[in-house]
């Protein structure tokens, strides 16, 4: 049988090369990570490379989406929550939607589970996915993508039963952030795993950004921890602290002060422009961004140790 | 905030009490575990307690189902694979289906993914679940449960698209075997996790049989390992080696010799009757069954150590 | 000996703040409930206090996937790292929304909103027109799913005024069962059954029922609440006065639930 | 330096057994394939040999949920514990069948069957009538899904006789694309494209095509194969003779893939 000694395909790339190779003008790009492991660094590199006319798919359109809007990358947004977490508003997004300033935003609005089901349908190559949301909501009246199907089975009361459905989403590329992967792309996540696996399987191509690339033996010591197997991954990018200002469980904590600050930064177009100039256009890459934040800043986000107890996978004797 | 010191509900029960409380004549009972962690001991206790007229739902109807058929417990079987793994045949099942001997068996046949989708629909409280199986198969002609739905979205070629669907299954009780749980029912499984979580969520009640009950701190050191949370569990039964002749990753290996032997035992009704008398009716409980197998036998199934490397969940400083 | 029993001893605590009042009143409504779908803030405070008083077996489920959290610090978001370390389970969002929430495992869901109407329908999407709103709010998130799939929904509204309690929503994000049934679809739960505000408690029994004022805080009159409500609010014949937070409740809230006063500000 | 290149040195190995022959021939057909959905037995041997020869990047996916297995012993079942320890990933069956298989990630699926017809439709359910069969076989398992969702399907049949290669199936468990299209449903893949037997290799290009005999093993004639087939089997104009297993292939199979001869018996 093929053993561990055989070299698997090496999919590691720099962030610059991965974005250049897998994100093109006009693409549909999913960025996932629910509060945890938000692929911010990838979003910044998309802005630096000046991508245009993107359709961005993201359940929680938060800071990184506001930044991509400010970078002029996005014409269409598919989302179920457009806010700066519980910390306030997204200034650029609100200007785009409320006043078409500086230009209109094509917003396709769903609910959280509607977005999850769109990924599930995309991942499972289904024409639609049924869900018990939307009945009586005004959302279907502004989103023709939300439709209904009649069940071929009688309902609980014996009469015909209708249920809402959403269509699949099949991004050109999905980008996620994770704690670690091997060079072939076997990706391990712990803590909140969100909708990352479904978003990757729904996409034509997938880029995984990780805190660290680890040896095969690390991944293989715990195969249940692998949330995305290598066959679904096209590029692996090592980018420590690439999820800032969100957090990476066991690596660094959420930068809550930055979330609160963002509402003020993004509210003022001039201040937002300055911030983008300094932190995105004014940094070569994420390493420069993290260095500019400074080690004192990172020390404030450092976390202590709470190790999982090992389990025995067993070995035939 | 509520801390770890608060006592959660204790759901531990003996196997005898759990089967008496949660399995009734005429019930629909799902037993899941795909090759790994098959709840054999629970099946034996159902036989000992003389349950009748059960509808058994199990993807792979294998040895434990053949035994429950021989015990006269089952009138209806819902399954996608009726065979003794790759080791041969199920004698009692074949007699029931091929010759209605000693009585007919109502067999509702699906494919593996059809069964998985029935559990998914049950767990998600959906009227149906769509899947790309069954087109052109003869199975829908003998199973009116398999139907079709027209998608409300145009197909890839712009024309209307049809897709097959299966109905939900909502067992009265689902029984699974797992490596470990806490007393409240937070259940951790590693290795093959099969369809256990979906089968539990699809059911009205759930019984989890485990190799060992562990302290809260063990489960909580690794919450991503919890496949079934306590809110979905009604009883926790400690029953070491309760999955024999199947295996429990990290605890004991598969008894392949028994699988091969079963084809011969079950082929001969007299021999099958003797086996049932000795090993099921002739044992008070699973502890007596495992003791009768003998420590030499168990030594042959023992496994060595291959520990997962720990991950850091982190702690705020 | 329960914590609630011991916390009643000692000197009288300071008067309750608005946050404390809402948390305590909401916690009492959770008596005997088992599973609560809660966001961070007052709902978490209420559920945590209920755990120490009227609902010892309560489990808080967070939209992010966490079940049975045992944080050693008060979380600042529904996905705070401290909720994960030491939790009993972390589920994928597909499992959480599909099997747990839509599967029917939630007894009480907590929701907030910018607008609520007499049937407990909620708006968290826009003020004004959806296409070009005066104010773009965050949208549904999981609110629509919490409404459709929880057995009942509690709403905590700090502000009780005619701009929030409206005769007609600008947009219906999360519909109660009446609107769903009008479409021929039967939801699992009863929709909003309790609205807890700075003025009192509104209640609704289920399908076809309007919210009614069932209790006012001490010193508040039914007339004041009706004036603060944008529709002709019905008042219960047996209108009660809310029992103020007890010394025991306040001590638990201040000393055990939120000693750092992250949410009790 | 590849293993295949080095294994050719040394003395001539013993002649190939039937199992070895089928494994070697199947392995060659996997050239440049990436993901293979395989059961235990000959398919695993073929994929493992292909990994060492014509398809170094091949990944075997097992129906039980295992991806990227690195067993230190030869597995006896698709869910053998030795497949899990050291694997790259273990998925739930819902993810495996939903996202991996139905999601379209499988290049080649391996299937067996009791009966196959000229279009590559397969029966693994019953001999005789479904209601009261002469022989009840295991049924679909995941076979129907492998057929519908793999880009192509390879069938390995030890026995090549008119009882297995039939004009009309007793029951169609796993239909090829022609039968699905007749129902107006377009499947992902081409259905069965290769059938490897003790007599030779049958091939089929895709929709609307019948299986044709494209190669025979040394010493076998087209007439023999036609006589062993229950329909009027077409024979390729350029009928080839299968190159026998090379010494290198046999050494790899015997020394590295199945040294314990678990399946090569």
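The first chain written gets the first letter, and so on, giving A, B, C and D; residue counts start at 1 in each chain.
As a convention for this text, contacts are C-beta pairs under 8 Å (C-beta built on N, C-alpha and C of every residue); 3 or more make two chains touch, one makes a residue touch a chain.
For reference, the UniProt names are A, B = CoA transferase subunit A; C, D = 3-oxoadipate--succinyl-CoA transferase subunit B.
Fair warning: this is a prediction, and the values are worked out from it, not measured in the lab.
> Count the touching C-beta pairs: is A-C or A-D ahead?
Of A-C and A-D, more C-beta pairs in contact link A-C.
> With chain centres set to the mean of the C-alpha atoms, which chain is at the far end from chain C?
Of all the other chains, the one whose centre lies farthest from chain C is D.
> Please tell me the distance, in whole Å, between the geometric centres of chain A (CoA transferase subunit A) and chain C computed from their C-alpha atoms.
The computed centroid separation for chain A (CoA transferase subunit A) versus chain C comes out at 29 Å.
> Can you compute the centre-to-centre distance for chain B (CoA transferase subunit A) and chain C, using the mean CA position of each chain? Integer Å is fine.
38
> Hey, how far is the Cα centre of chain C from the one of chain D, in Å?
The separation of the two C-alpha centroids amounts to 58 Å.
> Could you list which residues of chain C touch at least two other chains?
Residues 66, 81, 84-86, 90, 98, 102, 149, 188 of chain C touch two or more partner chains.
> Where in chain A (CoA transferase subunit A) do residues touch two or more other chains at once?
120, 125-126, 131-132, 155, 163, 191, 193, 197-198, 221, 224, 249, 253, 303, 306, 313-316 - these are the residues of chain A (CoA transferase subunit A) that touch more than one other chain.
> Should the pattern of chain-chain touching be classed as line, ring, star, complete or other?
Chain contacts: none of line, ring, star or complete; other.
> Taking all chains into account, which pairs touch?
Pairs flagged as touching, ordered by label: A-B, A-C, A-D, B-C, B-D.
> Mind listing the chain B (CoA transferase subunit A) positions that touch chain C in their complex?
Interface residues on chain B (CoA transferase subunit A), with respect to chain C: 1-4, 6, 8-9, 120, 123-126, 182, 184, 186, 197-198, 201, 216, 219-221, 223-224, 226, 228-232, 313-316.
> Which bits of chain C are touching chain A (CoA transferase subunit A) when the two form their complex?
39-41, 63-66, 76-81, 84-86, 90, 92-94, 97-98, 101-102, 121, 125, 130-145, 148-149, 171-188
> What part of chain A (CoA transferase subunit A) is in contact with chain C in the complex they form?
These residues of chain A (CoA transferase subunit A) touch chain C: 34-36, 60, 79-83, 85-86, 93-94, 97-100, 109-113, 116, 119-120, 131-139, 142, 155-157, 162-164, 191-195, 197-198, 247, 249, 253-254, 256, 303, 306.
> Going by the contact rule at the top, pick out the chain C residues touching chain B (CoA transferase subunit A) in the complex.
34-35, 44, 48, 51-52, 56-57, 59, 61, 66-75, 81-82, 84-91, 95, 98-100, 102-105, 149, 188, 256-257
> For the complex, give me every residue of chain B (CoA transferase subunit A) touching chain A (CoA transferase subunit A).
Counting only chain B (CoA transferase subunit A), the residues touching chain A (CoA transferase subunit A) are 125-132, 147-153, 155, 161, 163, 165, 167, 179, 188, 190-191, 193, 218, 221-222, 224-225, 249-251, 253, 302-317.
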